[in-house]
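Two complexes are shown next, each including subunit A; its partner changes from subunit B in the first to subunit C in the second.
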Partner chain A sequence: MSRSEILAELKAMLAEFGDVDPQLVDEQTAFIADLGLDSLVLVRMTVVAEERFGVRIPDEVAWELDTVGSVVSYVEESLSRRIGAGGE
Partner chain B sequence: MVTCQEPDGPATDHADGLLSFGPLIGGATVPDAGDWVYAVRASALIDDPVGATCYRNALNAGRMSPDAHPETILGRCALAGGDHLDAALRAARDAAAEWGGSARDRRAPLAEAFHSRLRDHADTLTGLLVEEGHPVRLARTEVADLLTFFGPETTRWCLRQMETRHTADGRSVLLRRVPDGVVCVQPPQNTPALSVGAAFQSVLAGNALVVRLSRHAPIAAMYLLERIAVPALADVGAPPGVLSALCTDPAQALDAWLASPLVDDVLYFGDSIRGEQLERACLAAGKKPILELGGNDMVVVWRDAPLDQAVAALMESYHGSGQICCAPNVALVHPEIADELTDRLTDRVRALRPGFPDDPGVVLAATPNTAGYDATLADARRAGARVLAGGRHLDVNGHESDVAVFAEPALVRVDGLGRARELRSVRYETFFPLLTLAVPHPVGDDAELLTEMVSFVATGTYGLRNSLWTRSDEVIDRFVRDVRSCGQLRVNDSHLAGVPFLSNHGGPGLSGDRFGELNYPMLRTSRLQGVSVARSAPPAEADLPYVPAQPRPRVEAVREYPPGWPPEELPGGLPAPFTEAFHHDPYPTLHWLREHRPVSRVISPDGPGWLLTRYDDVRAAHTDPRVTCDSKRVPAGLMWLRHWPSELRERLFVHLLDSDDPRHGELRAIMRPFFTPARQEQWRTRVQRVVEARIDRIVDRGSGDLMASVAYPLGGNVLFSVLGATPPQMSHLRAMIWRTAEWNNDVPYVAALAHEVDGFVRAAVADKRRSPGDDLISLLVRARDQDGLISEDELHGQVMMMLVAGQDPSINSVGNSLHALLAHPDQLAALRDDPTLIGTGLNELLRYESPLPFTSWRGTLEPIEFGEVTVPADDSLFLCLGAANRDPARFPDPDRLDLYRTAPGHLAFGHGAHYCLGAHIGRMTAEAAVTTVLRRLPGLRPSGPPRWRPSMFERGLSVLPVAWDVPRRGTTR
Partner chain C sequence: MSELVRFLREKVWLLGDTRWYARVDSVGGELVEVERLGYAQLDARARAVGAWLAGRTPPGARVLLMYPAGLEFLTVFLGCLYAGRVAVPAPLPDTDRRALERAAGIIRDAEVDLVLSDAAHRPALAAWLTGPDPAPPAECVATDSAGLPDPGTWSPAALEPSATAYVQYTSGSTSEPRGVVITHRNLLHNLLSIRQTLLPEEVLDEFRHDPSQCGAGWLPHHHDMGLVGMLLGPLASYGNLVFCSPVTFVAHPQLWLQMISRYRAFYTFAPNFGYDWLLRSLRNTRLTDLDPDLDLACLRFALNGAEPIRADVLNAVARRLAPVGFNADVWAPSYGLAEATLMVTGTTCGKGPTLGRFDRDALEAGRAVPAPDGVDLVGCGRPVGADVRIVDPDTAQPLKEGHVGEIWVSGDSVADGYLGDPRTTAEHFAATTADGEGPFLRTGDLGFLQEGELFVTGRAKDLIIANGRNIHPQDIERVSESTDPATGLCAAFTLSDASGREHIVLVQEVRPLHLDGRTPASLADLVRRRLAHELRLAVQVVVVGPMSVPRTTSGKIQRSRTRDALRAGRLSPLHCDLALRH
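Right after this comes the complex of A and B.
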């Protein structure tokens, strides 16, 4: 899954759960500071994101991912770690 | 034919006729002309299984009439449909609201009312159970057990658990169990009546019940509910909706319950595997599962057991042909008495005969389904066990038959507990008349034997009930101590018969849900709640004297100042440069210096240096090749960096701002393509969008801080978009960068901040190495990895520099511009009325209140003359852009803000080779922010004192409080 695919999926989830216009979202967008999202929405999104991306996003990690881009990076890295092994 | 339309009529009269039940919804029978299911008397089925079954099928299909063989029919029950299921749930939900909110004392008499009516109807109910195939001895026990369960001992104990009151510190404290609400009950298909009776206890907790009955044996259960429970509810004035009962397809009912928001609990009786599935489905649907699943009870018979009584208890295994969950399935017998017990049991078991259920000498029940009976016995033989009795399929007369409805009572003996564990009849519950005697191999030591036997029981996977027979207190203690894995223990007692206080159901393991325990439905369908009501004013908190327990850890900035710091005031009481008062308003000092000592040796917190305040000197120093930017060659620069970890200092300060030509020119060339005006123009839409979004968040409030609401987030957003970095926590990083750009000497944790910055830079670079994008860091990574134009240190250093240089100037120019306009309302109005004025206006704003009044510290490589003063070599230079921009020799009447001023050449972005690369994007950011704020926030005015951030190089606000007129909805944008 590429970075842009992850971003697109996150935008779709933000639209679905947070009623956020995808055009207003980019990697620098902060969930709470910029979008004013409810923590309940974020928890629901985290649970769904785990399913859709097939990665674990433990609460203590999710807590620190304030921006869309940081979630993209986290997912991207988790996926590459799982596929990679021989990588670095 | 007798119907149930007169529920108060003497029930005994109906038992001999045909009972007819419609769907019971909210305590009333719904007239129904739909399909019926007929119950044929067990005696008829036993007498002629094939004929009676065919007749029942013909009745159910509507092909024959009850008048054909009325004597064989026990009763009938209307099949309920989806509408009935819905109606029952709605009635239950409404009733639960009222009944659940009623006082415990109003509900409690229901137990006695039910008990008393059950006693009155006991014979009839027993009769119906017999007609449904329960041997009369078993039926009597079952009804007696239900009476015991609703007797005073059990009821009172349960009610005590429901509510206790206490007082503490002037408070009434109530601990009570509140009802879950709507409880749906699915009893077992073979013998539902008594399970339904037990489930009825949950009504005492305040719940409403919806019972689904199987089509196989609904009559006794329906009778129990309609003739006993409903009148008992009326006795105590309960809302009729608390009880509904429907005969339907099981899957249809379960699906409807799981999908319905009206259902709280599902009380399910069934097998362990389906139960586990249902538990998951319940949890997924948000329902509390209360499961009554299979049992595989064991009886331990110790060497000193009273054998007659033990044998009698073990014979309970055959009651109802082993279809009762809590009947003994396995006996663990002490080897010393095993042979004698085996002989006695074998005789008793072989003497058991099939028969009609109303015969008091019969304990076996007809079992139309004996799946597994033959296989289990074959398995036992294969495993080396002895089958001492059983194996045949018999008719009621005891003859082998191909349409037999009785399984011959079987007795299996297996020696050795290891072998016993392999037997199917030991490992799993069975539904036919079979008892397995498991005899441990003799060992000399009784203690060892006891350990082995107790452990065998304790590790059983089922969890209903286990028994022990012994005369030894020691053995009893050991058994009670170690067997904790089941809902109930019996010692020297009937395994089956009800005991006051004890429930007949419930247990953990494969016998129940994950919360399985001895099951009092009243308790399992309610939940604990604590209530505290302060009756008098709660006692005041004790007035504890304030005792600072420990010194609070606090890291202070280093604050080691060079000799001569702080300096004295200038003549006329003007604050000396770089002091706190200077930061608040630097211009009077700068004017005085420019006028009297334009090239002045001053002391700064980073040591002495030459402060240049004239426009021409500052501008000339920017292009003089004898002036260095390399902080490691500037005394004040070295001082400024002195608290940075040396490793980071050496590695990272090799960036654009910190280097001289020719390397500076090379570095700049690498970055230049990213900063063409056309390229920077691409950011305009984003900047506009961010500003609009930020203002959307505050526009309705009427007042706020423009720094926190607009300037900070805008600066951060633009910076990180340019970099292509994705900070996990934008505000944390922004605040941190800010502090690292401040006076290091005055910043606590400065080394930690430096490491944090370094960590972020490393992560951002690694990120871009992995997946590059169209951004500045990717560009630098390419310059390093593909083109080999820069070193790794330069790559990291440049990213670090961008963190500082790319954010604060934007933030400051937004804040300073707005601040300047607010202080000059006429200029503000002019700009709002004519936004195109921003073209010249922004340059004036940058001149008037420059975001960076000082450049980073520079130094002389050789002696340099500035006017009449010669600055010696290797000395520090403080180039004051803010002073230059207010030099009256260059800008007439420099302290006046005039947006129409056209005088070009302000030095806010520096000059010469080091002219700000991001000047265009910085200007654009400020333009967008300023014009949008003015457009979106009408009547903008100051609403409190602004605060300047203390900083060495920068001039920027930390707070800019403003108010505005809240626009009416839909009138802006």
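Right after this comes the complex of A and C.
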């Protein structure tokens, strides 16, 4: 999955679960400080992101991922690490 | 044997494994049952835990329980009751970043030497407990791999009703945890009172004779409603329970509906935010797409409690779910708090909710006056084995029906007090009315009685309730004040918008000398981001000049006066995140 594909999927999730217009989202967008998402939406998005991207996002990591770009990078790295380690 | 343990084990002798507890999960969008134990199996494992605890801890020892949602927690909790050891349930750190900090506070406060968990979580907990960090020394054991003794080696502990059953950590800001001491008498009394008030005799008979009656829920077991209401309630009233973890519910809200439908649940229960979250998550969904066989006609009792109850949420959920058989008469609002074990007032099954409209100005002046265009309030039912009074909080004068005052409670469900804190215990648990009656528990909540039914008009002073989290304004203020040299004193509170939805607002004083050419708007942005990062809260920030936040003569900030001043346009903000309506 490329960086732009991950970003597109994340924007789709924000629209589906947070009612956020994808036009308003870029990599700098912060989930709480900019979009005002509440903790329920964030927990739901974290679990669904794990399922859709096939990566583990431990809670102590999730807490630090406060912008769209940080999630994209985390997912990208996790996926490439897995391929590097002979996964998939 | 303790009367409480006898009461619980009586159900095991009567019903054996014909009744059960089951946990489900969502796997690829499908409901999957992942574990199940019958009453007798549960009892056997609890006796094994009891025997094991008796062999390695002194009577009355406090034991911290840090478990994921599941039946291992329930068996160990019962094992503690069986052995006369005091369970202290606490959340695992993976549900909340501050949970470790909180657990460290609890270990210190409750003088815990032993932490119990499961094999999956023990390594991380043990590393933390032996590490250099803040954890006080305590041993961590995984009960699911501990090699427990034979259940037959357990012998009942002789316990007085006044013996401590468990400690429920509840209110109190992160830095000062507050443990409510619940006795065997409290728990037995509340379980029996809930059963008697909520379940009419004929419904209880159905439960006694029909092995298929089931409850469905997803509450965390370290909260009073999850522990007493969800996990212990079924044992007390001969029922089965299907449940999932709170995180599973938040991630897959529709699983709640599937549990009710698939297991033909008779009852369910949640705080207001749970029903609201379900509604929000269903916004873009067709119910029949979810599950073509979804059918909620089995549901005859839907408890709503532990948080302010909103009439618009009750109505909207009922409307949304009506096509799949949800009946608005099943709503059962209730009121309670951990200091009274769980429930104080509740609505009998089959009765339906009481909705009322009251004049807003009269309410603010302390009178409940029905008005067709007034504020919607939901009645929280009648006292559940408790004596409930409405009292003037300043004069301690008891007030008549229709007058708003502080809710005071007495009865056998009211706890002994806070662990190791006689001063706060005396403040909260030993109130006497002006005419000399008492002792009463002061709930700090405001309300009135109408025809014997309790209406709650305001929750504990200053407490912020957001999505099932109880947030102390002090926690928000502490983070904000430490954000930047330019952030001075501040006050956090909630404000409702035109649609009645509550927002968290922080009025932040600026220290102009430390602004260094930055704008108030950029300071607000900094604070908003810091609060989002540290507390995971979306907060609207209002920046004001020095000495703008109202204070008492001793210099303490006054949150409700700050809110009033903001609403009345008396604050002259330098920056404001919200559009104010004057």
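In this section, the second predicted complex is superposed on the first by the 84 of 88 C-alpha atoms of A that agree within 3 Å, B and C clash if a C-alpha of one lies under 4 Å from a C-alpha of the other, contacts with A are read in each partner's own complex, and residues count from 1 in each chain.
Going forward, a residue touches a chain if its C-beta (ideal position, glycine included) is under 8 Å from a C-beta of that chain, and two chains touch if they have at least 3 such contacts.
None of the values given here were measured: they were computed from a predicted structure.
Engineer: What is the contact status of A:E76 with respect to subunit B (first) and subunit C (second): first, second, both, or neither?
Structural biologist: A:E76: touches subunit B, not subunit C.
Engineer: So, A:D66: does it touch subunit B (first), subunit C (second), both, or neither?
Structural biologist: Both partners, subunit B and subunit C.
Engineer: Could you say whether A:R3 touches subunit B, subunit C, both of them, or neither, answering first, second, both or neither?
Structural biologist: A:R3 contacts subunit B only, not subunit C.
Engineer: Mind working out whether A:A30 is in touch with subunit B, subunit C, both or neither, as first, second, both or neither?
Structural biologist: both
Engineer: On subunit A, which stretch or stretches are contacted by subunit B in one complex as well as by subunit C in the other?
Structural biologist: On subunit A, the residues that contact subunit B in one structure and subunit C in the other are 30, 33, 36, 66.
Engineer: Considering only the defined contacts, which subunit A positions touch subunit B in the complex?
Structural biologist: Of all residues in subunit A, those touching subunit B are 2-3, 24, 26-28, 30, 33-34, 36, 64-70, 72-73, 76-77, 80.
Engineer: Of all residues in subunit C, which touch subunit A in the complex?
Structural biologist: Those in contact with subunit A are residues 93-95, 97, 247, 250-253, 273, 277, 281, 283-284, 466-469, 525, 528-529, 531-533, 536-538.
Engineer: Under the definition above, what is the set of subunit A residues touching subunit C in their complex?
Structural biologist: 16-17, 19, 30-33, 36-40, 42-44, 46-48, 58-60, 63, 66
Engineer: Which residues of subunit B touch subunit A once you look at their complex with the stated criterion?
Structural biologist: 686, 689, 693, 697, 713, 716-717, 720-721, 725-731, 767, 770-771, 773
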